[in-house]
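What follows is subunit A paired twice: with subunit B in the first complex and subunit C in the second.
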Partner chain A sequence: MQLLIQTVSLTKLYGVVLGLNDLTLNLPPGVHGLLGPNGAGKSTFLKLVMGLLKPTEGSIRVLGKRPWDNPRLLRLVGYCPEHDAFYHNLTGLEFVTVLARMGGFGRAEARRRAAEALGRVGAAEFMNRRIAGYSKGMRQRTRLAQALVHDPEFLVLDEPLSGLDPIGRHEIIELVRSLGSQGKSVLVSSHVLHEVQAVTDDFLLIYGGRLLASGNVHEIRSLMNQHPHQIKLRSAQAATLAHHLLRELPVTGIELDEKLQTLSVRTHDPQAFYAGLPLLVAGLGLPIDEVASDDDNLESVFKYLVGSDS
Partner chain B sequence: MPIYEFGYRQWHGPIGGRLRRAWAITAVGVRLAWNSRLLRRMLYVAWTPLLYFGPLFFAVGSVTETSDSRNNVWYQMLQAPLGPQLTEQLSENPEAVRPAAWSVAFYYYLGISQSIVMVLVVASVGAPLIAQDVRSKSFLLYFSKPITRWDYLLGKAGVLLTYIFLVTLLPALALYLLSIGFAPSLAALPDTGWTVLRIVAASAVIATPATLLMLSFSAVGGEPRFASFAWIATWFLGGLFYAILDSAPGLHGARWPMLFSLHRMTTVLVEAIFDVRGQLAALQVDPVQLGLGQPQSSGLALAMLACVCAICLAVLWRRVTAPLNV
Partner chain C sequence: MISVFVLHMRQMLADRRAAALLLFVALPLAVSLLLRFASDIQHETSREVSTGYLFMMYPQVMCELLALLYGSTLLGAELEAQTLGYLFTRPLARWRIVVAKYAATVATLIVPVSASLYFSWVAIGSPGDGARLLGGVWLGVVGSLVVYSSIFLLLGALIPARAMVLGLIYAMVEFALSFVPAVLNTFTVTYHLRTVVAHASGMEVQAELRGVLSGDSVPLAVLALALMACLGLAGACWTVSVREYLGTKAEGA
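The block that comes next holds the complex of A and B.
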């Protein structure tokens, strides 16, 4: 089976700044999530995949081919960049048509494909309006459409859900899933765990320019469970609540901020904590204004995994 | 909103070659530039010299077909641009002198009139071409499509060339057709057959360094206003510096001062393409009467412009590759 992406000691330096560090992986075809906090090296990796950057060290192969300066490979790959790169005086349809024509399609075929791709991403309603008047979500859909317009085998999506409303997110998630079920390969980057989890169970975790872990969501969750979870509570009687939490629930530590009336609770057994908390506060009649977990925040997940927060 | 589930249809038709891809970049660039009202006005202005040169060619035709031409108003009109010697010879021997008269007129039209208009058009069209792509990170989208760096540069150059030819080649060809129409007989056609090729060559000589230099400024600056300023400053300050050096005692007529002026080097080459001095020498007409100044080395001008073009290409290649090859 041909690998989707194969890298050996892939390294990218921006002057003296390390963008990607000694990354070695063999990624089979399929839908994969690329997870990492901001500045982790996700976009650098995707640009290396697209041949938009040249590796400083090591090698990368995409669909068995070297991507740098290889326009032939780009016929098989679609790329949705993170940032806007539009001509604002054009309509969405014209913009996607121009990019399709750069793929070598004739004018009529390019226009037909552009309209179809814009329809697929839910942009048909506004595709004849000028991009200058688009909202962030409309621009995101247009970017996605241009990535799809030449029917790529492999889609590289850099933060495709950012700026979209919940309905838009759902539609794009469904679209990526349907592409996966059609046998297309997709690599989706995000810094939000549950976004990528909605698309695929297969993850690459990247942090500080290094590949930290790869696997499915269950493996990552179990890895996370070995580390203390952090839960924030806000209560008018924060000190009293802290006292009872330490005595009656599986808590390993509490930080109290009396000024803000907040508690930062650490626990190794979040399930038991969440099960016991309602009973405790109901029994004592303590008010709780807010309960929030930092563990959906990918930054803290990565801190756990690299051990800087344990 | 519906979620489409019909899937893609694999394309089995032909995929276009590199020129089609570059043309896609050119076409969108031309269209975006056309949105500028200022540019459209400039283009209208760029065609107004035809209001002078059209009657001039009509005068050439009228002088050659009128027996008592010296008292003719058209004869008087030709005295200024062609000088008394050439005008007199034209009225006496139109068949032999017409090619020289046309060459002089086309030299003035392309080398002087249109090349100055071209500077403003290039500043308006060329400045944002690459600078805006750098600023908006459009590079990422361009090069995520199957195009090479050269395709990209060719496409961008195509935008500038289109507009430069709109103010040089196209009106000059229109002027040629007009002058054929004004000629007393179709004998003018074989007499001036080479003029079309000369117009094409002169337009190319004007357009090529201008295109490459402007694109380089656009690529280096990353800011359209800087690129415009650099281009106009290079053109006009170079010309001014040349004029100062050329008028300095002991330097008048020296070869090297023209190397500072893009405009002077271009006019020297346009002059050579139309063989203005050669034709005037054959007719024993003094070029100074026509305001042509001291003769300059066209070989030196060509070599210098070739160097400028080569440097610009190197800069462009480096700049277009650099954002991707940090």
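The block that comes next holds the complex of A and C.
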């Protein structure tokens, strides 16, 4: 199977500043999220994928090809940059058409494709107006359209949902999902966790220029079993409960907030903890008002991994 | 490549940039009109003085300044507007993008400058044998735009942030060097431009002018200019093909 992206010890330095550090990755085709806070190295990675940057160390292959100044690869890839940049004197239709023409399409075909792509992202209504008068959401949709116009095999979307209203977000999420179901590969970057989770379960976590984790959210969960999980409990007898938890369950630490009557419990073995907790509270007759652990949620995975490695 | 050419031309002619270009080409025309109405100089001006005046106004000053203005910012303007990423992620080799933008720059500048030159020539009394003088200076206009644009393009590719200032320094140093006799002046664009314009316009080259222009034929001078243009353009293409322009840490990693 042709890998979507293959990197070996990929490192990017900006002078002495580290952009990306020793990233080794074999990413199969499919829809993937690239997740990390601002400045984590997401855009650096995407620019390396698109051949806009050269690796300082290591190597990168996209669809089996070297990306730097490689027109053959660029025929297969569409890129939606994060920057809100345009030729403002053009209309949306002219902008997407001229970029389609650079992809080798004739005038009429380029215009037809541009109108179609703008329609797909919900920009048909305003595509004949000059970009200078567009709102942020309109510009974002137009940026997406230019990435789609040549019907690429692989789409690289850098923060594609930023600037969109909730309806726009929903439409673009649906669009990315439909591209995935059509067999297209997509790499979507975001620093907003639920955005990525809405698109895919497969993701790369990047932080401080390093790849923290990659895979399915559940695979990450098993990786996390080597590390303490955090579980929140609320009980009217929080102090007594804390005492028994420390003695009888696999707990590595507890923070007690007597005012709020909450416990924050850390455990290396969440399965054993969850199995033992009902027996413990039933045996002691302790009341528990709330147990909260959102370990299946991507956000908790992200917070945990970022927190532990930063 | 044609789409890059057309896009670049449209950007050059957009809004304020077009107004700036028109203002620029109108300036020497205004000077020529002033000369016409302020005196009857046109009746007494020799071919040499007319050629010298038009050469100085057009190939030497205006064309070089326009080439500096548009050639040195050819990549820098796209970088500043953050639109270069759109071009570099299309299935086009980078050198093709550079060549198309360069060609669009020269083509866009030649038309208004040629028109301005023609009207200036008329304004000063249409000197010379028919259109020979005009043709000679026009060759200088074309040569100046073609060669200087490629040189300033190369400067812009090498040092986008400082290209304009460095280009201005280069223009002044090059102008001074063009008067240095022996071998040094033959490496300057101005020296060969003077040669082309003087010979093509039918000017009688006096012995005292031998230090500032060549006695060579026009084809040889044109060949020298073509070589300089090719070197500048090839250097720019190579630089853009190997150099990173996007994704500085300041842009946000």
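The working rule: the second predicted complex is superposed on the first by the 219 of 310 C-alpha atoms of A that agree within 3 Å, B and C clash if a C-alpha of one lies under 4 Å from a C-alpha of the other, contacts with A are read in each partner's own complex, and residues count from 1 in each chain.
By our rule, contacts are C-beta pairs under 8 Å (C-beta built on N, C-alpha and C of every residue); 3 or more make two chains touch, one makes a residue touch a chain.
Just so we're clear, the structure is a prediction, and the values are computed from it rather than from any experiment.
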item: Combined model on subunit A where subunit B meets subunit C, clash or fit; value: clash
item: Partner chain in contact with A:38 - subunit B first, subunit C second, else both or neither; value: second
item: Touched partner set for A:243, first subunit B, second subunit C, both or neither; value: neither
item: Touching partner for A:120 - first (subunit B), second (subunit C), both, neither; value: first
item: Which superposed partner A:75 touches (first subunit B, second subunit C, both, neither); value: both
item: Contacts of A:171 with subunit B and subunit C, given as first, second, both or neither; value: first
item: Subunit B versus subunit C as contact partner of A:209, first or second or both or neither; value: second
item: Touching partner for A:151 - first (subunit B), second (subunit C), both, neither; value: first
item: Which superposed partner A:66 touches (first subunit B, second subunit C, both, neither); value: neither
item: Which of subunit B and subunit C A:136 touches, first, second, both or neither; value: neither
item: Where subunit B runs into subunit C (options 1-9, 91-99, 181-189 or 271-279); value: 271-279
item: Footprint overlap on subunit A, comparing subunit B with subunit C; value: 14-15, 47, 50-54, 69, 71-72, 74-75, 77, 79, 81, 83, 85-87, 89-90, 98-99, 101-104, 146, 150
item: For the subunit A and subunit B complex, residues of the former touching the latter; value: 14-15, 47, 50-54, 69, 71-72, 74-75, 77-79, 81, 83-87, 89-90, 94, 98-99, 101-106, 109, 113, 119-120, 122, 125, 146-148, 150-151, 167, 171, 174-175, 178, 182
item: Subunit C - residues contacting subunit A, complex; value: 2-4, 6-7, 10-11, 14-15, 81-83, 85-94, 241, 244, 246-249, 251-253
item: Residues on subunit B engaged by subunit A in the complex (per definition of touch); value: 1-5, 7-11, 13, 15-17, 20-21, 23-25, 27-28, 32, 35, 136-149, 151, 324-326
item: Residue ranges of subunit A touching subunit C (in the complex, touch as defined); value: 14-15, 17, 19-20, 38-44, 47, 50-54, 69, 71-72, 74-75, 77, 79, 81-83, 85-87, 89-90, 98-99, 101-104, 146, 150, 209
